[in-house]
Each structure stands twice: as structure tokens, then as C-alpha cells.
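Below are two complexes that have chain A in common, paired first with chain B and then with chain C.
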Partner chain A sequence: MTPVEGSMKTGKAKIFASSILLIFLLILPVFVKGNVMFLAILGMIGGIAALGTNIFFGYCGQVNFGAAGFMAIGGYCVALLERDFHTPYILGLALGIAASGLVALLSSFFLLRLRHFVLGLGTTAFGLAIYSMFAKGFTDYTRGEDGVSLNPLHLFGVQAGDKFFYYVVLICIIVCIWISDAVRNSRVGRGMVAIAENEVAATSMGVDINRYLRIALVLNGLLDGLAGGLLVKYLNFCSPEHFSLPYSILIFIGVVVGGAGSALGAAVGGIVMFTINEVLTPLALYHTLTYGVILGAILLFMPDGIVGGIRALAHRWNGVSRV
Partner chain B sequence: MKKTILQFESVSKNFGGLAALSNVTLSVAEGDVVSLIGPNGAGKTTLLNIATNLLPLSSGKVFFENERVDHLPPYSIPGRGLARTFQILKLPQKLSVLENVAIGAHSRGQCGVLPIILRFPKMRLEESRILGKAKEVIQFVGLEDHMNTITGHLPLGIQRLVEMARALACEPKLLFLDEVTTGLNFHEKQKVVSVLQKIRDQGTTIFIVAHDMSFVMELSSKIYVLNFGKKIAEGSPEEIWKNQEVIDVYLGRIETNS
Partner chain C sequence: MREIEFFLLTLVSGISIGSVWGLTGLAFTAIFNASRVINFGGGEVAMVGAYAGGLLVFSGIVPIPIGLLGVIVLPIVSGFFMNRVFAEPLVKRKAPVISSVLATLAAALIISGVVGLITKFQYFKTGLIFGTKPVVWGPLSISPQYIAIIVSVVGLTFGYWFFLNKTHMGLGLQAAGIDPDMASQVGINMVRMRDLAWLVSSVIGGIAGFLAAPLLVASAVMGLPLVVYGFIGAVLGGFGYPLAALAGGIILGLCVQFFTAYVSPAHTDLLVFLALLVVCAYRPTGILGLKMYE
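Showing the complex of A and B:
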């Protein structure tokens, strides 16, 4: 088998696997409701957040421990606009996404001076600063730790249920995967991957490093802003608790666990991490411990992430079946 | 007299107190194969880094096609027709050969991120042009069998060719090669030389930085010799071979006529 045939075969397998996944997700609401539905929606919102971070970390190789900060901007924008100006949700969401992108753009002017561990610290500080701004500062306006309540989403006078929200979030995550793949398989995406590998080599190939990292951070902000805006409306509640440092780290781990650099991987990783996080909540004291064990197991047995591990399994299976 | 394509005018570079290059003047004629040789630490790679603006120079001027290029941002250099390879390979190991070479064609496109996300026809056209160019260059260096292979799975000799293909993908007028044969076996070296001859025959100017004398002598029409940041000789391969100063500092041949 020549490599060209091989890539066509894996291409077909990928389309096949994605179609099955898509059909499964489309019919899921028919069979489940209640808690499972809640987990699915929350998971997919996590997937969207992970997709954002995947562009900055997975493609460009730049650490981001402050993604929940972007979610906070999107979420609070929706919540405060609705409370104070009765802005329709769709408009509030659009403004929230835009605001998050703008904050990402502004933060890029100092964050992109940093690299590696220092960038990790810088983004952590960014996430904490945004969190504190909503939780501890301006508390008269943001109501601090008490959070802001939102009205349930109404559609033509009828309250929108879980099913409606499920499909909205599903469409959003598909669009985000599509955007990620479009960027990755383009001149800009290849430039980003070149930056991750070696900045000197990327420069000498004509890649304007600062410009591309800025684009990646803004895309990160836009996608995570969307995730934040969806989250608060689904919970009908916007509280700083959902945008704290552990969530930033959860998003980052989601990208790593799913398979950094692959859009589908990041989406799966985000879904898995957010779902596990929610399922384990009743364990209280053992929550973090169990969480750590699961994480360790995934990374030990699938160093390239869940999607990378499945791909490797598929290759092995293919290899065996051919002999 | 051939047209000069690249010109260094009394270029100096200091790293702190160390003069890596002092007052180096050299020129490269269009269509030539020019080599720069010298012992370790002579400043060869530093000169290359200055030519591609990865390092700012301390004093002097660099002209490419009669335009001063030493103050331009480094990412604008390949767009002008200067491409390079690296002494230590810098290829993303997880990408396929095709994708790696397509990175090299980066400066041949200009679509921003919005046309890419919205999939404008302009962007699709540009994308197929870039991938077409990458495939063409891969065939040119004879790697069509490895088009979709993961780069990290290939041996060093072939990865060198991938890096050369990547540099060629930006359709350079002048190609810089940094230690292109280091660590290669005889067979791989022959393959690199034959590709270099093909590149020369299509009219691309080549500037080689090398240790390997035999390889340089075979290909070059002009050789410059650096030692401790100073140019100590220039001329045709025969002239360099006979030059007493070069023999003393670099070739180290034992004089038999006493």
C-alpha cells in the first residue's frame, strides 16, 4: 500500500467515524433526558471552550491557562446586558463574543511578549484577573459571588427546553470544529503549526509570528466567549464560580486529553473532561483524586490524546487485518 | 559581467565583546553557485542569519537586487525571493512531507483568516495553487513517493531534501544552504549534489555554507573563506586550493616541497 492510498483510507475512515458520531449526537435527545441531557449540553459547551484553546495551544503551541477568563467576558456580557438593558439573547451573545475577542486582542499586546512557562503564568494571571474583576471588584454591579440570574430563554413565547438548547449547542460545536479545521488546513494554519515547531524557522519561511499568534488568541477569545455566553443562558445563572482557575485548567486539560492540534480531539476532550468533572461532583472529598486517576490513565495509555489513541488503534487494526 | 544579486558591504556583527564578523564584503552574482567556507566559529552561519535578517547587523549594509534589505522585518525576506535551510533541521516532525513543503510556499499567498473561515473562492484558488506548487517541488527533488509520509519517520538524508524542497517552494531567486551535507552518507550526499545541480540549471542562485571541501569544489564557481569573522580569501575553487593563507588556517595541507 502506498502512502497516498493510506491517507485516502484514513480520510474515509475519518469521515465514517465522524458521521456515526454525528448521527449519534443528533438522535441522542430522543432517548435521554434530565441529567444525561444536562451533562451532554454542559459537556459540549466545554468542548467549544476547548476548541478555542486548541487554536492557541494545539496549533500554535502556546500555553493558555486563562481560557475561563474569556468565558467570563462572554457570560457576564450576556447576563449584565440582559439584566440592565433587556437585550435579546442573540444580540447579547453576539456582543459577548465580540467583547471577548476584543479583550483577547488587547491582552495579546502583553501576553504575546511571553513564551513557555512564563506565558503559562501570564495567562493564569490574566484568567485570575478577569475572575477577580467579576467576583471581588465592582460587586455592586456584578453582585460578586452571588452571581446574576437570567430569565429562561423564550422562543415565540414558549420557554425553550433542554432539547432546543441541545441542538443549539450542537450546531455551535459543529461550526467551531469546522472553523478550526478550515483554519488548520490553510496557509495560516500551517504557519501556526510552524510557529509551534520553531519560531526561527517559521520566520524564515515568511510567517509573521506576532500577527499569527494574535489571530490565534483572538479566535481563542471568540470561541471561549461563545462558550461562556451559552453556559450562563443554559444555567440561567451567571456566577464567577464557573469562570475560576480550575475551569481554565479543565479546558486546557481537555485539549491535551482529547489530542492537542486536532479539532475533533479538542472537542471530544472538552466534552469528556467537563462531563467527568460534573459526574464526579458527588464524590466531594475524593473528587480531585478520582479525577487525577482518570486523567493519569488516559495520558498514560493514550499519550496523543483520546482521538490520537483511537487513530493509533485503527491503524493497528488495519495493519492486522491486511496481513 | 553577470548582474550582482546579493551584496554585503563591510558587514560587522558583535556579540557583546566578540566580533563574530568584521568588515566582511562579498557579492553573489546571479545564477552562480557561491560557497562560504571556514573553520568552526568563523562566522559563516552568522553571515547567513544576517542575510535573512534573523540577526540584526552591528554595522554595514546588505543589498538584494540593489535594494537595501537589512532593516526589513525577517518574515518579509522570503517574499522577496530569499529562502534558506538550517544546519540543524527545523521541520515539524508530525506533519506530512506535503504539509511541510506547503509551509515553505507560505509567502506565495496573502489570504487572511476571514477569507479562510468563510472559504472565499479566492482562498480556495490560492490554497490549490500553494499545494500544487508544493507537489511540483516535491517531484522536483524526487520525493514523490514520500509525499504523504510523516516527516519524522524519514531518515536524515531525506529530511534534508524535504527541507530543501520547503525552501524551494517559495520560488526563491537565491537559495541559502547551511551545512546541507553534514551528517549524510556518500549516497545521500550524491543525491543532494544532483538536486543542487538541477536547481542551478533552472537559474536559481545558490549560496552554500559548508565544511565539506570536496563537495564545494565540485559545485561552486566562486568561494569565499572566512576565519575569525574576517574574509581571508576569495576566488575560483582552483585559486582557493592554492591560496597559502587558506592552506594555513583551514585546509591544513602538509607542504611537501622543501
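Showing the complex of A and C:
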């Protein structure tokens, strides 16, 4: 069979798989409630965060170990504005996203001078700086480790329940996947992928590396800011604990195990890794060990990520050998 | 006079904690130079060293020489586990480097989880190998642990440098990192070289953890902070250069201790990391300005 037919088949299969996934997600709240809803919402918020990092790492190939820093900006913006100025949530969220994008823009002037491992260090330092600013730096104002409590979200005088939140987050993640795909299929997105392949070659083709990477980092900041803003309002609580280095690494892991470079893959990876992380919490003592085993198994047995692994399985099922 | 004492004490503690981070960075560099993998498990190897010390040397279950042997052997075993089960299969499959990096993280979580199960994630008790009697020198009284750390850091670093540059094996190790294909052409066994790199790295990391345990708080989760600071020190000095990793670690240790002592403990992390961002942006190849290691 020719590659063209193969790609058409993959395209159809992708649409088929995403529709099944979408229908499943749409009707999920009818069947489950309580704890499972909690997990699903937190998982999808993780998926949004992973989508942000996917633009910077998956498309441009630049590591980011500081994504939780952007989430912290978004989250704290919502929390502090509500506490001190009684800002309506939707306005606070918009400002939080904007602030996170702005911080991403400012940090890009430092971070984008770096590459490879040094960029890994730079983003780590960025994330830790933001974390320590909220956790230890200005405890009089941010309440440090104690965190800030928020009021539950009210909608026309009625307290919004899990179901409402679920659909809000679902819409957000679909919009984010759409944005990611639109970016990927645009001129800018193709330039980003060219940067990941080879910077010198990309420059010679007329790609403005700094500008494209800056766009990617700002998009990363915007999406992760959204994730942070959603997270604090859903938990009605904002504490530095959710924005620490392990969470940055968790987001990054989500992108890699989902399948870096594919928006759907990153979303699935983020959802899976965040959900597993939450599911394992009651295991307490066994949490770290189990998480390590699962992560290791995914990396060793699904080298192309979760979505790549499923695709390979589907191909085998169809009797098509992998190209 | 008091102020000078305080200053000197800060200096000594900065150098000690910095050398521990530097040693972790050195252990990093050893593996990076042979296989281009950043080892997230470096902190866990050090934690195993610390735990082996607490379990074998200071509890009096076995004679002290055997205990010290355990401090060397257990980290090697854990390093071997990380390499052979997680990193090596991915390197062999020519998977992206980032997969191997995350695989070491998975291995680190497993080791941390196992030790955590044994210790119930409580702090575990370690001791000071040269006793608690401070060494008095002029107006200064320094804990012997600091002196032990500084002395063994100098020894280990020199030993590593000698091994890397003056022995046949060490040169092979360097060649394996610089050009793997060429190295295997001239008959260097790449798998064995990577094993060797992990072994050297584990010995260094284990000793670092053993000595640092009383300074840091020894627990099953001490690995991640150690690995982060070691990594920061290594990049700060100039990534890929063993001695630069040590220098970077010491600079970082001094910064942290002096900020804590003289500026504000609460703002230390924020200031240090912000300073780091600025330094990185203006000296992307590290403070020492060495050529970037590709």
C-alpha cells in the first residue's frame, strides 16, 4: 500500500478515535459522580497544562521544567484578586491568563538565550523562583504554605457543582487542542517544528527563531495560566503545594509519555499522568513506588508515547505493518 | 570578632554544602559525558549512600569496615539497577534522549519508594563519622563533618580527574562520550563504558550522600532537591566539565548560605533562582565561560 493511502487511513482512524473519546467524555458525568468526577476534572486540568508545554517542547523541542510556575501565576492571580478585590471569577481568570502570558513574555528574554540542558536549568530555576516567591518570599501577603481560600463558584445564585465544572474544563481542553492544532498547521507551527529539527537549517529557510520560540513560550504561559486558574477555583483553594517542582516535572512527563508533538497525545498524556497521580494518593506509602513503576513501564513498553502505542496496536489489529 | 567568626562559619558551611552539591553534579557529569543522559537518579543514589550509612555504619549491626563497604556497594547496586533496567534499553533502542532521562526519573521514584517503604518516609538517623567534638582552630570551632566533607571532596575530585585523564579506561570513557560511533570502531565496548560511567558516578554520589546526610535532612525524599541543586551547580559551572561542576556547586552553596545569613532566609530561594536566571542569560556557557559541551 502506498504511503498516501496509509496516511488517509491514519487520518480517518484519528477522527474515529477522537470522536469515540469525545463521546465518552461527554456522557461520562451521566454515569459517574463524586470521586471519579474529581479525578476526571483534575486530570483534564493536567491535560490543559500538558497542552501548553507541548507547544514549547513537543513542537519546538525546547525542554520546560518550570510549567507549574505559569500555573502558579494564573492560580494566584485568581485567588488574590478575589480575596482582595472581590473580582468576579471570569475576570480574574482572564487577568490570570494574561498575567501568565506576560510573565512568559518577560522570562523569554532570559530563557530563550539558552538551549538544551542549560534551558532545562533555566526553566527549573524559573519555576522554583515563582514557587518560592509564593511559598516563602512574601508570606504576609500570600499566606505562604497555608494557602488562600476561595469562595465556591456561584452561577445565577446557585453554587456550581462538579458537573458544571466538568463541562467547563472539557470545553477548555477541546479549545486548547484546537488552538494547538491550529498553531501546528500554521506557518508559525511549521517554523517551530523546523526549529526542533535543526536551528541552522530553519534560520536559512528564513525562520525567525527567537520570534517563533517567544510565541511558543507565551502560548505555553497562556495555556498553563488557564490550567492554574481553573485548578484553584475548582479546589476553592490556592496553595504553593500544587505548583511545586514535582508538578512541573509531572506536566513534562505527561507531554513525553502522551507523545510529544501531537496535541491529542499531550492532552491524553497529561490526563493519564495527573489522574494516576491522584488515584495513587490514597496509597500513601506505596505512592512513589507505584508511580515509578507505571512511568517506567510506559517509557519502556510504549516508546512512541501512549497515543503512539495505541496507534501501533490499532495497526497490528488491522493487519497493517508499522511504517 | 564575633562578626568575623560568623562570616568564617558561613564560609565553611557554604563550601561544605556546596561541595556536596558539586559532587552530585560531578556524578551527573560522569554519566552525561559517557551517554548524554541526564541522570535524575543521582540524588537517589546519594540517598542510598546516606541510608546505607545510617543502617550499617552507625547502627552497629555490622563492624564499621563492612558498613563502609556497604556505603560503597549499595549505591553501585542501585546505579546498576537504574542503568541496566531503565536507561540502557532505551539508549540501545536509540530512543530520544529525553525518554532515557525520564526513565532514570522513574527508576529514582522506584528506589525512593522502596527506601520510603522501609523507613515509612520518616527521617532516618545517621551519625557523624568523626564524632561530634568540634575542631577548635583559633577563634573558630568547626564540626569535623565539615572538614571530612571538604577533604574527601578534594580527594574524590582529584581521583576522578586522574582516572579520567591519566588512565586508559578513563580516556576510553571520554572517547565514548565524544563520538560513540568512532569509539566503537576502535574497539571500545560502549555498553561496558556506560556501565563504568554509572559505576563511577554511583560511587561518587553514594559517598556524597553518606557525608552529607547529617547536613541535609536524611529521608527517602532527599534525592530530588539534591539532584536539582547538583544539576544547577553543574550547569552554573559549565556543563560537561567535572571540575566546573564542582566549582559551580561550591559557588551555589556559598550564595545560598550567605544570602541566608546576611540577607533574608525567606527570600533566599527567590533571590538565588532569579540571580541564576540572569547569570544563565548572560553567560549561557556557565560562569567559568568554558566552551559549550555539545
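We adopt the following convention: the second predicted complex is superposed on the first by the 319 of 323 C-alpha atoms of A that agree within 3 Å, B and C clash if a C-alpha of one lies under 4 Å from a C-alpha of the other, contacts with A are read in each partner's own complex, and residues count from 1 in each chain.
Please note the rule applied: a residue touches a chain if its C-beta (ideal position, glycine included) is under 8 Å from a C-beta of that chain, and two chains touch if they have at least 3 such contacts.
On a predicted model such as this, the values are computed, not experimentally measured, just so you know.
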Chain B versus chain C as contact partner of A:Leu283, first or second or both or neither: neither
In the superposed arrangement, which partner chain does A:Leu26 touch: chain B (first), chain C (second), both, or neither? neither
More chain A residues in contact - chain B or chain C: C
Could you say whether A:Leu106 touches chain B, chain C, both of them, or neither, answering first, second, both or neither? neither
Is A:Leu91 in contact with chain B, with chain C, with both, or with neither (first, second, both, neither)? neither
Chain B and chain C footprints on chain A, overlapping residues: none
Please name which positions on chain A make contact with chain B in the complex. 2-4, 6-7, 179, 182-183, 186-191, 193-194, 196-198, 200-209, 215, 219, 261
Chain C - residues contacting chain A, complex: 38, 85-86, 89-90, 93, 95, 98-99, 102-103, 105-114, 116-117, 120-121, 220-221, 224, 228, 231-232, 235-236, 239, 266-267, 269-270, 273-274, 276-278, 280-282, 284-285
With touch defined as at the start, can you tell me which chain B residues reach chain A in the complex? 52, 54, 73-79, 83-84, 86, 90-96, 99, 102-107, 109, 111-113, 116-117, 119, 123, 126-127, 130, 145-149, 166, 170
In the complex of these two chains, what residues of chain A are touching chain C? 63, 107, 109-111, 113-115, 117-118, 120-122, 124-126, 128-129, 131-133, 136-137, 139, 245-246, 249, 253, 256-257, 260, 285-293, 295-296, 299-300, 303
